[in-house]
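There are two complexes below, and they share subunit A, which is joined by subunit B in the first and by subunit C in the second.
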Partner chain A sequence: MALVLARKGVGRKGEPWSALPFLLPAYGLFLLFMVLPVLEALWLSLHREDLFGRGREWVGLGNFQEVLARPEFWKSALLTLKFALVVAPLELALGLLAALLVYRPYPGVAFFRTLFFLTTAVPTAVAAVAWGWFLHPVGGWANRLLAGLGLPPQPWLTSPDLALYTLGVITAWAGVGFTAILLTAGLQNIPEEVLEAATVDGASPWTRFFRITLPLLSPTLFLVGLLVVLKSLTAFGQIHLLTRGGPAESSMVWIYRVYQDAFFNFQVPLAAAEALLLFLVLLLLAALQFWLIGRRVHYAA
Partner chain B sequence: MGMRGFFLAKAGLLTALLLGTAQAQRTTVEFWHSMGGVLGEATEALVKEFNASQNRVQVKAQYVGSYDDGINKLLAALRAGRGFPHVIQVYDIGARIMADSGAVVPLEDLARRNGFDLDRFLPQPRNYYTVDGKLYGLAFNSSNPILYFNMAAFQEAGIPFKPTWSLKDLEEAARKLTKKDAQGRTVRYGLSIPIDSWFVEQISYNSGEYFCNNENGRRARAMAVAFDNPAAVAFLDTYARLVREGVAANTGRNWADSQSLFAQGQAAIASYSTASLTGVLRQVGNRFPLRTAYYPYLKERNGVAIGGAALYVLKGFPEAETQGAWEFVRFLLEPKTQAKWHLATGYFPVVKGVAELPEVRQAHVRQANYTTAIQQLATSKVNNASAGCLMGAFPEIRQYVQAAWEEVLKGKPAQEALREAKAKADAALERYNRGVAGR
Partner chain C sequence: MRLRKLLPTYLLASAYAFLLVLPLLTLLSASLRAEGDLYAPGLLPPHPTLEPYREALSRYPLPRFLLNSLLVSTAVTLGVLATSLLAAYALTRLRFRGREALFGLAVALLLVPGEVTFLPLYLLVDRLGWLDTYAALTVPFMASPLGVFLLRQYLRTLPEDYFDAARIDGATHWQALRHVALPLSAPALGALAALTFIGTWNMYLWPLVVTKSREMQTAQIAVNFILNEEVARWNVVAAGAILVLLPTLIAFLLAQRAFVRGIALGGLKG
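This part shows the complex of A and B:
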């Protein structure tokens, strides 16, 4: 809807130019903090230098070739995919569940809406530290709960077999509030008449959900899913604070590899190339998303 | 206005003018450090004291984040060719990098020019930051690893205290100190050490082994690592074995996760830095009596290397400013300043004659645990093993050692895990050496 309105505005004579002064600060900031750093990264990625910036020379796409030839890079890319595959379904399922609980008004719904959104309002650093305590290998509440149930304690973040999944759950938890809001909006957009007609025809709640709500929600689900994948590809804070890419490089996802190569291994040009490759993937996903939104607006009109 | 009044006003104006010029003539020295929390407060206090002690130099201290953040901000500034400070604090393992940067005025040059006798330094802090025969950095905050004992648990298990421990003794004690419930689940662990390459480095030094070749990079530039030595192998194998037996706890890389375990009495022995002492004492409170001992060794105790960080004076400033930076450094080396810093932080003094000062003596009587690090250093042999490994790419190499430790915990023999890590570390070191020294 917003898109349609915006397009109408553009049609009026003279308006784009008078809007410019108002947009300039935003464009300026965007240029300064987004476009210029990307351009600088691009410039860096095409050069080679030592860690002090000495002996700088043009190497063309040499850094990209080197990155793509490194087995560690592909290991990280694969880990990132695995991470997204853990986060996305979980966050969508939890978000949908939360949205179903709060999308229709009832007394006290605001309380639950706030509760679900709260996870998004907690800063990543605070959440990560709290999770660290909760998952402490010996004294954490998670393992005390397990002990209460007579189960053995789990090395949530200290086992290479488990850490990535644990981080996935934490990431999904952190994003679920935002996902729930988007899905709530999606659920509220489903025409009430269709569901009423189905009820009159004697469809059970179960059937209504799977035959009507879910299919009508699927475009929203897909879009939100893409957004969740995008976010999971750039998840950094929780990994930095909880595992630092370990144990045994089991959570060395793409973006953490970039950090490691730039700030521990002091291979800044190579890290710039890795970052730009990740940027490219994100750009493709975002383009896919915009294309879908465009189609969907058309469809709704 | 009478004559008197006029005179007073004129005098006041003159004074203000003089003060103003004095203010303007004060040289500003920028100082980047990575001391947060209590350590940061202690650092700021020293800076304030220095600024108040004279009127020529004004030090502006700035906290630039962790050690990792600090060196990266410096490297970015060096790359850009501007924006770096007069004095910067860089972690221990950055010594080779700082010397290779060509951006440092060696401390030795400053000291000689200003008639400061280098023999006033303790040998270990001096050796650690000596690169290619020249002292580069001031060992500002120096620490070493020590053992932390829960003496209530020791008493309960009937183990007497002693200051020196072989790895074997430590292993046996840890087994005796472990308590399990009826289901065989550990209630109290015997041992907890955070996964940190530093402990592998120190067991090597303390057993007389090198961590990198060419005698820890002290005889010539290190070209390969040597962390697959018998001491490191034994240390990792022992630790993994104890974890499997439920005697040692694996709390991951986060020191705080191990410290909380120890402070709650759930691990009877732990190993951290001397700089952790103040924090651990506070965490333990009155729960149990705490004693500290020397870091373990494999067969024969050699000596540990110092850790922590050093201050470097950087090139590229007018002579007067560099001289101002030296005056600040010189102030930090005063025994009185060293004493204050030691008592506020637990980092040990790096010049001679500080432990004999009355305020330090009194504090040591009150809390004898603060003397462990100083005595450990004093009783360490002075050789290239205890000088510590000097090599480039050290931050990257530490990551490989930590990953190897985790592989060993997962079941890989330490010999194999360290050999695989060595291949990666050697490649990183070769790349560093080619990039920096090869041109």
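This part shows the complex of A and C:
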């Protein structure tokens, strides 16, 4: 059949003009709003406005040199790393616990799935406000729960030593639904027979979890962990709503620094250079993720 | 017997779910309290009232903010579905030189994190004169590399025979797209729609920088605005936040399957 059609011209080599109207909407938008801005960011980062305004002069890598020489930049980069290191393990652990509780069917599982996956439906701003109230110095439950345990109240968002970690917990909480969904799918892909065989051999639930489930899940865990890191590197809304990068710049993460430098300090070329450097980091992580997915698909095939 | 075996699961799952949902419950509780009861202990408001909602709605144009979010999210979702399906159709059913390269470009663009291009995108939108318009909030996001990628992969799994049959009956590519590809890719389109809708509804940084006037702000930015205005009146802030949460929550409860499938598929990207 296909052969006949091919001779009739369906599969002929040249259909470029009939393909164009199909491709133009998507690829036109890609070109205009994705490729062009990246190129422009590159162009911007290589120029600087001259002292008296309008013109721009070529400064080569000057902006990058200046950014890399600023202690604030390195402070932000370090804060971002710290933030990711708080968010990723916490979100993975919380998501894994949720996934373990709902990946197998039992009466009522749909109810718990809904509750565990719920945070995917909570907009960032709402999550931030909910936590803002939860952590409220007077009315918040967090300090009340601490008081119940006989512990002193904590300045969750107002102490420079604590704010970044608190924001990390909030970010992990907001991501639980996302992580739980991906890990539930990962757990469901582990062949049941392997676990049954281990049960027959007399393995305890703990042994089964640590010796079989966890090793078999580890590629998925790593991949999801990478995704969580990628997301946490561009977390913005909750920081903007709750701390504005403070107190004392203690939550001024990389992406917030770009925003601050571009829209408040009006240092667009420097901000563009900062954005491109962040872009580079994200690109490397995303490429790693792709390579891993490719390898896993290869294994599965 | 079976129940006894499941009891630990039920207990653990209930306790964990309660703790996870607790911040939302305390927010809901605050939204139902008069100002005098705001700091009264307990999860249940002592004298439940809808006054904070009335006040939030009378002091802020919340319906307008929600309508903006709804318009923007719907427009972006429809745009992404249309542009992705069109491109995916060409990438699977049409043969032309450079087809694989174009697909490769979509895959490469998957790697571009949108959050990082906001600055040059802002300058571009400014030059186009789009600041503070719906165009700025929608047009740049109406094509999605993830959408093209997912639908192309999905269309490839559809049996050739359907398309061959359509061609033998004399259908044009447009007709094959409309009557064969479109209905057959409903599950993939549903998942992509859920993913795109919630992603757009959740946008924060972009609407924050491109909207200037109150009337153009989306629900998310409105939450920030209310929080800044109502410094100590958390009941009104909470009521506003709950009103912003409701639409996505309802959408999630109604279309949970599509959401879960969308996230599981889109997990490739995140």
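Annotations for the structure displayed:
FYI, the second predicted complex is superposed on the first by the 270 of 301 C-alpha atoms of A that agree within 3 Å, B and C clash if a C-alpha of one lies under 4 Å from a C-alpha of the other, contacts with A are read in each partner's own complex, and residues count from 1 in each chain.
The rule is simple: a contact is a pair of C-beta atoms (placed from the backbone, for glycine too) under 8 Å apart; a residue touches a chain by one contact, two chains touch by 3 or more.
Keep in mind that this is a model prediction, so the values were computed, not measured.
In the superposition on chain A, A:V38 makes contact with subunit C only, not with subunit B. Judged by the touch definition given at the top, the superposed model places A:G139 against both subunit B and subunit C. By the touch criterion defined above, A:P89 lies against neither subunit B nor subunit C after alignment on the C-alpha atoms of chain A. Applying the stated contact rule after C-alpha superposition, one finds that A:L282 touches subunit C and leaves subunit B untouched. In the superposition on chain A, A:A98 makes contact with subunit C only, while subunit B stays out of contact range.
When the two complexes are overlaid on their common chain A, residue A:G62 makes contact with neither subunit B nor subunit C. More residues of subunit A lie in contact with C than with the other chain of the pair subunit B and subunit C. By the touch criterion stated above, A:F263 is placed in contact with subunit B and with subunit C alike. Once the two complexes are overlaid on the shared chain, A:L182 sits against subunit C while remaining clear of subunit B. Common to the subunit B and subunit C contact sets on subunit A are residues 132, 136, 138-139, 262-263, 268. Subunit A makes touch with subunit C in their complex at residues 1-2, 5, 10-16, 18-19, 21-23, 25-30, 32-38, 40-41, 44, 94, 97-98, 101-102, 106-108, 112-134, 136, 138-141, 144, 173, 176, 178, 181-182, 185, 224, 227, 230-231, 234, 236-237, 240-241, 255, 258-259, 262-263, 268, 271-272, 275-276, 278-279, 282-283, 286-287, 290, 293. Looking at the complex, you find that subunit A touches subunit B at residues 49-55, 132, 136-139, 147, 152, 155, 157-160, 243-249, 260, 262-266, 268. Within the complex formed with subunit A, the subunit B residues making contact are 68, 72, 75, 78-81, 97, 100-103, 185, 189, 195, 249-254, 257, 260-261, 264, 266, 393, 395-396, 399, 402-403, 406-407, 409-410, 428, 432, 435-436, 439. Residue ranges on subunit C touching subunit A, taken from their complex, read 6, 9-10, 12-13, 16-17, 20-24, 26-27, 30, 38-39, 41, 82-84, 86-87, 89-91, 94-97, 99, 102, 105-106, 109-113, 115-124, 139-143, 145, 147-148, 160-161, 164, 167-168, 173, 177, 198, 201-202, 204-205, 208-209, 219-221, 223-224, 227, 234, 237-238, 241-242, 244-245, 248-249, 251-253, 256, 259-260, 263-264, 267-268, 270.
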